[in-house]
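The two complexes that follow have subunit A in common; it is paired with subunit B in the first and with subunit C in the second.
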Partner chain A sequence: MDNGKISQRQLAYLFFTVLVATVVFYNPQIAVGTVGRDAWITAMLGSIWGLLVVVVIVALGRRFPDKTLTGYIPQIIGKPLGLVLSLLYTVWFLFIGAGITAQFALFINTTIMPDTPSLALIITFMAVAFYAVSHGLEVFARINELFVWVIVIAILIVVTLPYELIDLRRLLPVGQTSIGNLVATSLIAGSWRGEVFLAGMFLPALITMKNTTRNLTITVFLIGFVLMAVEVSTIAVFGSHIVGDIELPAFSLARMISTARVLDRLEALVVAVWVSATFIKVCAFLYCANRAATDIMGFQEHRLLLAPITLMFTATAHNQTINPSQLVDFLTITWPGYGLLSFQLVIPLILLIIASLRGKGEGKA
Partner chain B sequence: MGRQVFLGKGVYPIRYRRGPKERYNSGPEQVPYPHEFLEISPDLAENEKFLRQEFEKTTDIVFREFYMGEIRCLAVWVDGLINNRVSHDLFRALMLDVEPDRFKKVPAAERLDWINKHHLPFYATLRVIDMIEMRRWIVMHKLVLLMDGSTSGLVLDAEATPMRGISEPTLESVVSGPRDAFVESLRLNTALIRARLGDVKLKSENFILGRRSNTLVTVMYVEDLARPEVVEEVRSRIGRIDTDAVWDVYQIKEFVHDRQLTFFPLMKETERPDKVAADLLEGRFAIIVDGSPQVLTAPSVMVEFFQSAEDYYLNPILSTGLRILRYLGLFIACTGLGLYVAVTTFHQEMIPIPLIFSVAGTRETVPFPAVIEALFMLVIFELLVEAGIRLPRVVGGAVNIVGALIIGQASVQAGIVSPILVILIAATAIANFAVSSNYLFASVLRFIRLLFLIAGASLGLYGMSLVLLCLLIHMTSLKSFGVPYLTPLAPRLPVAMTDVLYRAPKWQMSSRPNYITGNDLTRDNSQPPGDTPESETSPDAVKNEGDLADG
Partner chain C sequence: MKRVLALLLIMTCLFCAGCWDQVEITDQALVLATGIDKGGRAGQEVVFTIQVANSRVLIPGEGGGTQEAFWTATGRGNTIREATFQMFHRIPRQVFFGHNRIMVVGEEVARSGIVPYLDRYFRSRETRPNLYILVARGKAQRVLETRMPTFQSSGMALINLFQLGNNHAIVPMRLVQFIYDLTLENTGAVAPIVEVVEQTSISAEEAKTNRPQTLSVGNLAVFDHNGRMVGELGETETLGLLWIRDWIERTDITVSCPLEGTKEPLDLELIGSTTTIRVHMGVDGMPRFEIQLRVMVDVAEHFGDHPGLDHVWYVDSLEKRANTVIARQIQSAVSKAQALNVDIFEFSEELRRQHPEEWQKIRNNWQDIFPMLEVTVSSKTLIGNRGMSVENPDSRLKVLK
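Showing the complex of A and B:
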C-alpha cells in the first residue's frame, strides 16, 4: 500500500463516494427536521464550507507535498504537541469510521436483515474492508471507479422515478427560515462535506498535485447538487412535515417507486448504493486511521499496523451500535462541533496559519 | 569449453554460453548448446561407436551407412519423424548425383562443406562440431549426417512429425470469419499466424524447454508494438523455466504468468490464428509450444474474455447487442442462483406479490431449504457437464436423456426440486457457456456461481455484495505482465472503452489500447466513411481501404 499511486480522476471519484455515502441518507431527515422545507438551501450552503476545507487542506498539502496530514502536524507545531494532535486525528478517523460502520450495520438491520446480529454484519464488513485496504490505496480507488457510476445512476433513478408522486408545490413558500438558522443547519451538511479534509491523507499518494483544488471543489459542489436533489425529491413526495420524522427518507423514497408494474420495490437499489458507497468510505477511513497511526509510530511498512487498527475499528464500531434516534441526536448536536468546527476546518486552518507564520513547508500555499 | 565457435560462411554461428540460466540460446536461429562438449572425431567409426553407445537399446533410431565414392558416411535419425520423400531425395542426391571423381579432388576437411553447398537440396542445414549436440539434434527430429575424415557433421531439417491437418476450431467456433484452427505443430502454427500478419516487424524467438522433452517454444511479438520491457520479462521468465517436459501451453502458463494465487486466467489461450494476429497487433505477445493446438497470448485483461472473434466480423450494432447479451449472461451465470436463494430465504418482501404466490406454490412440496435444493441441482448439473466431456461419444446420448428427463423432469414431479429452480439451473448453465469463448474463463464462472450461492444462503443479498466486493478487490489487485486486470474499467481509460461495453465501428477504434501497446498507437488512419469529399464519389473505395489498413 505504500507505493500505491492514484490519479486526479481517482481522487475526485473517491471523494465523491466518500462524501455522498452517508449524507444522502441521514442529512435529509435532520435538515428537514430543523429548517423544514428550506432544507435544500442548506445542502447548497454546505458546499461553501466544503470549499473552505478544500482550500485549506490543499494549501497545507502543497506546503508538504510528500507528507500526510498527520505526518506534517508535528513539523508545524513541534513534536510533543504535534504527536498529541496527530493521535487525536487518528482517534477521529477511528471513531467516525467506526461510527459509519455501526450506522451501516444499523441500516442493514432496519432494512433488509432484521434478524442478523449487528456484530456479524460489522465483522464481515470489516473483514472485507481489511482485505481491500491491505491491497493498498490503488485497489479500492480503482473499485470505486466502477462504483461511482452505479451510485450516480441509482441516485438518479431513486430521485426521478417517483415522478407520479412529486408535487413541487410542497417546496413553497421558500425562505421562511432565518439566515442564521439556515447557516447553523448548513453546518451539519457541511460537516459531511468537510470530510473532504481526508484528502490531506491522500495527497502524497497523488501522481500529480495539479488541479487538485479544482477537482475537489467540483466534487464538493456536485455532492451539494446530489443532496439537494434528494432533499427536493423527498420533500416534494412526502411533504416537509413527514420527512423530518421518517427514518431514512431516501429509502422510503425508493419504496414509493412503482413504475410500469415492473420497476417495483427498488429499495434493493438503495441497499446496493449503501453497501458499495459505505464500503469505500469505510475503506478510506480505515486507510486514514492506519496511515495516521503509522505516521505517529514512524513506521515505514504500512501493513504492519493494519490488523490491530482493523480490530480496534471493529470493536469501536460494535461499541457504537446505537438506535436510530440516538444517531440522529448525535448527528444534529455533536457532529458539526466534532467535525467542521474542530477537526475538519478550524484546526487545519490554525495549522495553515501557524505554518505560514513559521515559514514551515517547502512550497508556497 | 566455453569457447566461441565460428563455423565459416553460410553456416550459423553458434555461441556457447555457460551457466544454468543461459544454458539455452534464444533467438530466431540460435540452437541449444549442451553442457558437455565432445569434438567430432575425423574417424567416423569413433563417432558411430559413440552414437551407437548412446542409443543402445533404442530401436527407433535409424543408422544408415553409405558411401560417397569411397568415403564412408553415416546418416542418423529417429524413425518416423523424418519425411520419407525428403530422405529419399537426400540419398539420391548424395549417392547417385555426386560425381566421385570431382568429390575426390576436394580436400578432406572441406568435403562436408562442399556437399552442403552443392548437393543438399534442403532449405535448412546446420553445421555442428559437437557430438553431444549432434546427439541432441537426433532426438529433436532432425536428420544428422556424418562423414569420414570430417571434424564436423551436418544437421538437416527434414522433419515430418506426425500431425493432423488444419481443421475448424472446436472450442471457439464462429458463424462468420476465418475457420482455421491451430494444430499440434509449432511450425504450422507460426505459419498460420505469419500468413495473417505479413509484417516485417513480427518477430519470433525460439526457446528449447524441458530437460527431457526438448520442446521448441516460440515467442512471437510485433517489435514496434509490444512493450520492450514486457518482451524482456517474457524472455527472462521463459529462460528461468527448468522443467522436465512441456507439450502444452498450459504447462508453460503457470510458470510464465505473474506469481499470484488466483483462479482468473491471466493469459488467454486461443485456437484461432486470427485472434492471435489481432492480439499481436494490439501489442501482445504470443507463446507457441510445439505439440499444443492452442496459443497463449498476454498481457490479458478481463474484458478480453468477453470479446468474441466474431464481434469484429459483424456489424458493430449487432455485435454491441451480442456483447450486452453476454454481460447480461455474466450477471445471470454468476448471481442467478444466489439471488434466488437469497431472496427466497431472506428477502421474501422483495419479490413482487404476484410472483411470490407462484414461487411459494412451487416450493410448497419441496422438503429442503432453497440452498440445499440449489446445491443439489448444481452438483448434478456440474456432474453432467463433466460426464459430457469424459463419456465416450457413443454413450453421450444416454447421458443427455438421463440429464434432461430423469434429473430435470422427474425430480420436479417427485417434489424434491421446484420447477423454478430447474429453470434457473438451466438458465445459468446456458448463460455460463454463452458468456465467454474461453473454456477456462467459463469454468471460473462456475466457481464464482458457487461462491455467490453460498454467500446468498448465509448472509442474503448482503453476503452476495460482500462476495462481489471481495472478487472486485481481488481482480483489481491482479496484474497481467504489469497491466491491471480490470483495465480499462478500473483504472478507467475512456479512450479504450470503445471496445468494452460496446463495439465501436472500426473507424472509431482508431487507436490501439494504450495500456498494452508500447508505441505506435495509431491503428487506423482511414477517414470515417462519409467524412472526406472523395467518399461522396466513391464511398466504397474508402471503406475498403480502411479494412485493408486494419489487416
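Showing the complex of A and C:
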C-alpha cells in the first residue's frame, strides 16, 4: 500500500484545487444560461450540497478509519454486492477523470492551441500525471501547495481587473427566478462540489482525522465564493444575456482586461490556472481510480495497476473527446444525476444508514 | 539509469526551443482596424477592409522616412471570414487580428441591420470583444483608407482618440457594451459616427496645392433593438444621453451671464457628476422617470468685461443656470429618442430593476409606452473653484449693478 501521509492542510488545499479546477470555466455559461442574472445564488446553493456530501463521507470515514471508500463498501453491504459497487466506483473515477482530461484538451484547443491534436495533449498530460501519481499521494499533494496560491491569485486578478467594465447594476433585480429553478440549477454546481466525496479515498492517508469536517466544509464554501465571484464579475461585464452565449466566460473575462495599458492580454493566466488545476485534479482522479482498483483486487502494491489504469484513462479520454455542445449537454442533463444524485451523495448516504443499522465499523460517528 | 534520464531530459530540450510554430513579428500583418461594408452583387454581401500596420515603421529607430505607416486590403464574400480568406491571395504575410481595436461599420450595413456582422468579432480567437465600434458616414473602406496628416494611420488615430475617454460628445463605444444594449429587451444601442473631412489645420499655402483629409468623430448613430440604425443624435442630444447614462467625463456648460443687459457667456467645466434614475409608478400604471444629477463644475472662462465672480449671489445664479442647460440637453435627448421610438437610456432596464412586477405587465407594450414617458430632471450643480483668477482682467473699473 501507498504509505504516503498528508496533513489536514494538504487535504484542504488539495480539495480546493480539485473542486475549483473545471467548475469556474464550464459552470458559469450553463448556470447563467439557465437562470440568468441569479446564477451566483446557485453557486452558493451548490455549497450546501457539498456540505451534505462532506458530512456523509467523513462520518463513513470515521467508522472505518484505516480504509478507503472502496475498501469499506464490501464490509458494509457484503462481499459480492460490495465488489460490484466498488467496481462501479472505479469506473466512475475512470470515466469522470478521463472526461476531465478530455475537457483539458478541449479547453486548450478552444482557446490557445487550435491546431494541436487533442490526442497529443492528452498523452503528454497523462504521462506527467502518471509520473506524479506513481510517486504517491504525498508528491502531488505537495506540488499542489505551490499551485493553490497561483490559482487563487490568478482568479482574483481575473475577477477584479476588468473593473472599468464592471457594472454591478446588471445583477439587479435579485431573485426573479423561482426557487425550484434555482435549486434544480444548483444541482449542476453542486455536482462539481460533490466531488469532495473523493475525500473518502484520501481519509486513511491523513495523519490525523481531527477537524476534517470543518476543513472540508470551509473548502466547499470557499469554492462557492470563488464561483460566485466569477459569475458576478462575468455578468457585471457582459450582462446575463451574453454570458450564456459565450464559450468559457472566465476566459473571455480575462480577454477583456486592459488596465493602464500595461496589464493587457492576461488570458495566459487563465490557461496557467487551467493547466495546473486540471493537472492536480486528474492526478487525484487517477489516484482514486488506481486505489479503488487496488482495493478490489486486494493488492498490497499500489503501483502494480497504475500503468494499465493510466492507459485506460488515456484511451477513455481520447474516446470522450467531444465537441463543446455535447459537453455542455452532458454537464447540464447527465452530470447531476450521475454525480450528486447517485455516486456522490445518495449512495454514500445509503451506505452510512446501512452501516449504522448493522453496526458496522467502529461506530465513532 | 540516471544517465539515460539525463540524456532524455537534454533531448527534450531540443523540442522545447519554441521554434516549431515560430512567427516573426515582421512576417505578420498586424491588423489595427477592420471595416465592414455592404457589397452590391449577390455572393458578395460583405466587403471587408483591413488596415494593417507597417511594422517596420512602428519599430523605433528603424524604418520611418518615406515608408507609409499602414496599408489596407479589401475582400468580398458571403461572410466576413470568406472575405478575409479571399484577401489572403494578395497578402504575403500571416494576417493577425489580435491587435484589432477598431471596428468601422459602413452606414449601409448599419441601416440594414448590424447583428449578423457581429458574430465573427465575438467568435474569433484573436479579436477581443472590447474593441471600439464606430459607424462610418458613407463607406467604412474610405475611412480606413484615409491618410491623415495628424497621425500615422486612421485606425491608430481612432484608438488614440478613444483611449482618452469620453471627451465632450465623443463616446468611445466598446463592442461588449454595444452588444449588451442590443441584447436587452426593448433597449437600443448607440455608436459614434466617423466621417472623412478636409483637414483645416494646415496653412493656406499648402491647402492650395493639396487638400489632405482627416477623420472627424461626432454625433451618435442610434440602433433600434433589432440592430438597425434608425437615426442620429446631434451634439446636444449626445450630451443629454451621456448625462442620463452617467457616462459623461469631460465637457463644458456654457451659461449666460446673470447680469441684466449683458450677453456675456460663462464657460463652466465639468469636474465630476453622478446620475441616479428614480422610477415612480403613477396611479395609471405609467412609469415616470426622475433623473437626479449632482454635478461639480469649475469656472473655466468668463467671456466679458464685467466683474461678478466675487459675489455669492452671482455664483449661485450661475449654478441655477447650469441646471437649466443640463435639463435642456437631457430633454432634447429624450424627445429625440422618443421621436425615433428607441429606448437608448436603458429606461426599460431601470424600470425592471426598481419595479420588477410592474415591468412584467408592460414589458410587451414598451414600444407604445416609451414615446409618451414623462421624464423630469432635478439637477444640483455646485461650483467648485474659479480657476487661477478672480475677475476678468480690467473689469474692476466697471460697477456691478
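Everything below uses one rule, namely that the second predicted complex is superposed on the first by the 363 of 365 C-alpha atoms of A that agree within 3 Å, B and C clash if a C-alpha of one lies under 4 Å from a C-alpha of the other, contacts with A are read in each partner's own complex, and residues count from 1 in each chain.
Criterion: a residue touches a chain if its C-beta (ideal position, glycine included) is under 8 Å from a C-beta of that chain, and two chains touch if they have at least 3 such contacts.
Worth saying up front: this structure is predicted, and the values here are computed from it rather than measured.
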First (subunit B), second (subunit C), both or neither touched by A:146: first
Partner touching more residues of subunit A, whether subunit B or subunit C: B
First (subunit B), second (subunit C), both or neither touched by A:173: second
Partner chain in contact with A:137 - subunit B first, subunit C second, else both or neither: neither
Which of subunit B and subunit C A:272 touches, first, second, both or neither: first
Which superposed partner A:242 touches (first subunit B, second subunit C, both, neither): second
Contacts on subunit A seen with subunit B and repeated with subunit C across the two complexes: 112, 265
Residues of subunit B that touch subunit A when the two form their complex: 346-347, 349-350, 352, 459-463, 465-466, 469-470, 472-473, 476-477, 484, 486, 489-492
Residues of subunit A defined as touching subunit C within the complex: 111-112, 114-115, 165, 169-170, 172-173, 176, 237-239, 241-242, 246, 252, 255-256, 258, 261, 265
Of subunit C, residues touching subunit A in the complex: 21, 98, 122, 125, 128-130, 163, 174, 176-177, 179-180, 183-184, 352-354, 356
For the subunit A and subunit B complex, residues of the former touching the latter: 7, 9-10, 108, 112-113, 116, 120-121, 124-125, 128, 131-132, 135-136, 138-140, 142-146, 264-265, 267-268, 271-272, 275-276, 279
